[in-house]
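Working notes, structure below.
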Amino acid sequence: MDVLIQIIASGLTLGAMYAVATIGLSLVYGSLNMLNMAHGALLTLGGYICYATITHLGFHPALALIAAALVCAAAGLVIYAFATLPLLRAENFETNIFIATIGIGSIIENLMLKSFGPYPIPQPLGISGQVVIGNVHIPVQNILILVTALTLMAAVAFLLQKTRTGRAIRATSMNREAAQLMGVRVGQVYAQVLALSGALAAVSGIMISSIATLTPVMGGDPMLKAFIVCVVAGLGNVYGAVIAAIVLGLLEAATQYVFGVRWSFATLLLLVILVLIWRPYGLFGRGQVVRL
Amino acid sequence: MTGIRRDILIGLACLLVAVLVPILLGGRYIVTQATVFFIWAIVVVQWNLVLGIGGIFSLAQMALFATGAYATAMLGFYLKVPMLIAIPLGGLVTVAASMIIGLACLRLRGPYVALLTLAIAQVMFVLIVNDTACFTNSSGCMPLFGGVRGIGQFGDLGLRALFPTKWYVAHYYVALSLLAIAVVFSITVIRGPLGLAFKALRDSPGYALSRGISRFKYQLWIFAVSAFFTGIAGGFYAVHFRVIGPTVFSFPLLLFLIAMIVVGGMGSIWGPIIGAALLMLADEGMKEFSDYRNIGLGLLVTLFVILWPRGLAGWFERLSLLRISDSQKNT
Amino acid sequence: MAEPALALKAVRSGYADRIVLQSVDLTVGKGELTAIIGPNGHGKSTLLKTISGLLRVREGEIALAGERIDGLRPDEIVERGVIHVPQGDLLFPAMSINENLMMGAYRTREAAAIAERLEKVFALLPKLKDRRNQLAGTLSGGERRMCGIGRGLMAGGDLLMLDEPSLGLAPIVIDQIYEVILDLRRAGSTILVVEENAERIMDAADRIHLLDNGRFAWAGKGPELMASPQIIEAYLGA
């Protein structure tokens, strides 16, 4: 019983963090067919900005969170203006933007390396203390992460479902041409989505670094997992991705307990491949009909 | 001049220059760096077949390279297989690995393939690095795949014993021959039936499919055959450096190789080799700024994709087109 | 002829690798129902996409009520009152009918205006009202077409362009759709309809243009078309 509580508690925290990282990726892929390989670097950037503004500028933690989100949103806009926009005008957008964002990610990560060094730094934004359920001690930090993640997801869901901007984002991801015919300025939607995705990446980077540590390469692993989540859910399916993220978080916690940390990623990947053989477009994805 | 005749001429000219390099500029440093260049050139030439011709967005290239290298090293270390046999066997193991990866991934659409292959490479890395259980204790504790430190002492080609002072020149010529074979192979694929099938699939998918050209089947083919030379290059890399460790999975190395293809021009025959040569030279010239190496690589990749997506090969093509139209004007 | 709502002068346009419209002149009279007919693949849809800004005008001019609109972005053209109901509807499948209609009114920000238009659309297409919370992806062909037209009307524009409104529908549903189009015409809307199915549009249209190989080959009224069997035989294969 205690083991189960432990697994659920850490699995939910993991899942919530993955979900926040995944929403951004999924939105970006959904509306512009862009796999943003710089997403991991944006996670890292957010974590470091939060650290730097608290330790060097003496910001209040909440203010530091907002500052990090703003900086990463701006980075998203820069990626839009200098990579996405010119590449959208050329052919082979999907391949080219993938490679370009690999390059951009490397630039950001190595700038972090230059500025903060290669050694792990603890994230100052954190709360100590524990909550005891049965015989299990759950850090308050994990609960805070879960609450923050749920709040953010609710906010994003509200934005997408209930606002004019959100409706335009969903319309663009369902059918770009039709959205244009409704008078949606798709360029603006793309910029908004990349900025939003950047801000979400920042928050998720701060969360992840607050239970692990800050390093220049910390973004790679969560990004890969977030991508796997997207793939399982079907690329571009935001709500499916949230569900898949939480399930994957729970599964990861469970496999870590059963097989040990070493095998958890391999087990997850094997599961993902099996899912994809069964459903090539992901669990909630729909195949595109290619007209010849 | 037909395409294939031009390719043969360019290839022979390059080969001639390369054969003369150790004789004319016999410095050990230049020769060993050129050997490394040949290894990376083999890898990117094969990767280019997968990316540029097969249209498979695979990021598993270094994982396949590592498969060849580890298979060769382990055959030598555990079974004492001589390297002359172990390297081709390593190539075959790599083909088998690529078939498994291909069967799992290639029915999926482009971006899914990219992410899954990247994840597979990452899993291999994690499994090797996190393995601390001793598999053998013969010369100290060693995990099955050598763990973080890698595998060494698995023998070599015997060239070090044969030419005690000039063995690196011998390795140079081995690597050059491997590259030459790999390039001939890639030209045969691009200009041959497999290349034609892919051209048909690109230009008119409907017609190609109705003529029984199955994309999946051909993609699996090109993925598997290009894995053979990739694995051989890996095996030779292990033999050349006498050790193979998990560093071959590192992301900067993957980025370095992507940069070669992007700068040279994806899908062209000579582009990736030109790209590999240029990046090796640039890397050499920028040694003092090595702190900025990966930032520079990132910038280079990003700029080329955005400004010249067809790389240097695209420049040459445009140049020769200009010249043709000029000469037509003159006549 | 009434004052032109839309005028095209020597318009050339097409896709990246293929010019489809060679040189097209067209005027659409205000308050009229103008039809464009012609064989498949000869540029009818391309024409509408060019007017709505989805495709770039390579040469020539497009003027809406005397004001140049060529070279503007699609959203700017929608802003000026051009509504394009695309072929195959292109509804947003994971949105309800209601949300699809709201997307139609995307450029309108006044809640009162939106509510008023919604009422008008529901009055014209009562079926939509009954199913307003149903997902668009689950509708039947006829319902989708109505939702597409309704979504277009929600923009409150001055020029309604319909791309093949009868495509793929059962005859009885086509009758219903044309009933709606004629209702709109009687209410004074300016409508430009593209149809491959010339018989349907012949009686309804004020003026018919025949598009062949990227150029207009003939123009006139329905009865004139009926009276020229050589045109029908050459272009419409009837």
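By written order: A, B and C. Residues from 1 in each chain.
To be clear about the criterion, a contact is a pair of C-beta atoms (placed from the backbone, for glycine too) under 8 Å apart; a residue touches a chain by one contact, two chains touch by 3 or more.
This one's a predicted model, so the numbers in the text were calculated from it and none came from an experiment.
S.K.: Name the two chains that are joined by the greatest number of C-beta pairs in contact.
M.R.: Highest contact count belongs to chains A-B.
S.K.: By C-alpha centroids, what is the most central chain here?
M.R.: A
S.K.: Round to the nearest whole Å and give the separation of the Cα centres of subunit A and subunit B.
M.R.: 32
S.K.: Would you mind pulling out the distance in Å between where the CA atoms of subunit B average out and where those of subunit C do?
M.R.: Computed value for the inter-centroid distance: 54 Å.
S.K.: Taking the mean of the CA coordinates per chain, how far is subunit A from subunit C in Å?
M.R.: Once rounded, the distance between the two centres reads 41 Å.
S.K.: Residue numbers of subunit A touching subunit C in their complex, please.
M.R.: Of all residues in subunit A, those touching subunit C are 164, 167-168, 170-171, 174-175, 177-185.
S.K.: Applying the document's contact rule, which stretches of subunit C touch subunit A when the two form their complex?
M.R.: Contacts found on subunit C: 52-54, 73-75, 78-79, 83-84, 86, 90-95, 99, 102-104, 106-107, 151, 155.
S.K.: Looking at the complex, which residues from subunit B come into contact with subunit A?
M.R.: Contact set of subunit B toward subunit A: 57, 104-105, 107-112, 114-116, 118-120, 122-123, 126-127, 130-131, 205-206, 209, 251-252, 255, 258, 262, 291-292, 294-295, 297-302, 305-306, 309.
S.K.: Subunit B touches which residues of subunit A in the complex?
M.R.: 29, 33, 35, 82-83, 86-87, 90, 92, 94-96, 98-100, 102-107, 109-111, 114, 217, 220-221, 224, 227-228, 230-231, 235, 261-263, 265-266, 269, 272-273, 276-277, 280-281, 288, 290, 292
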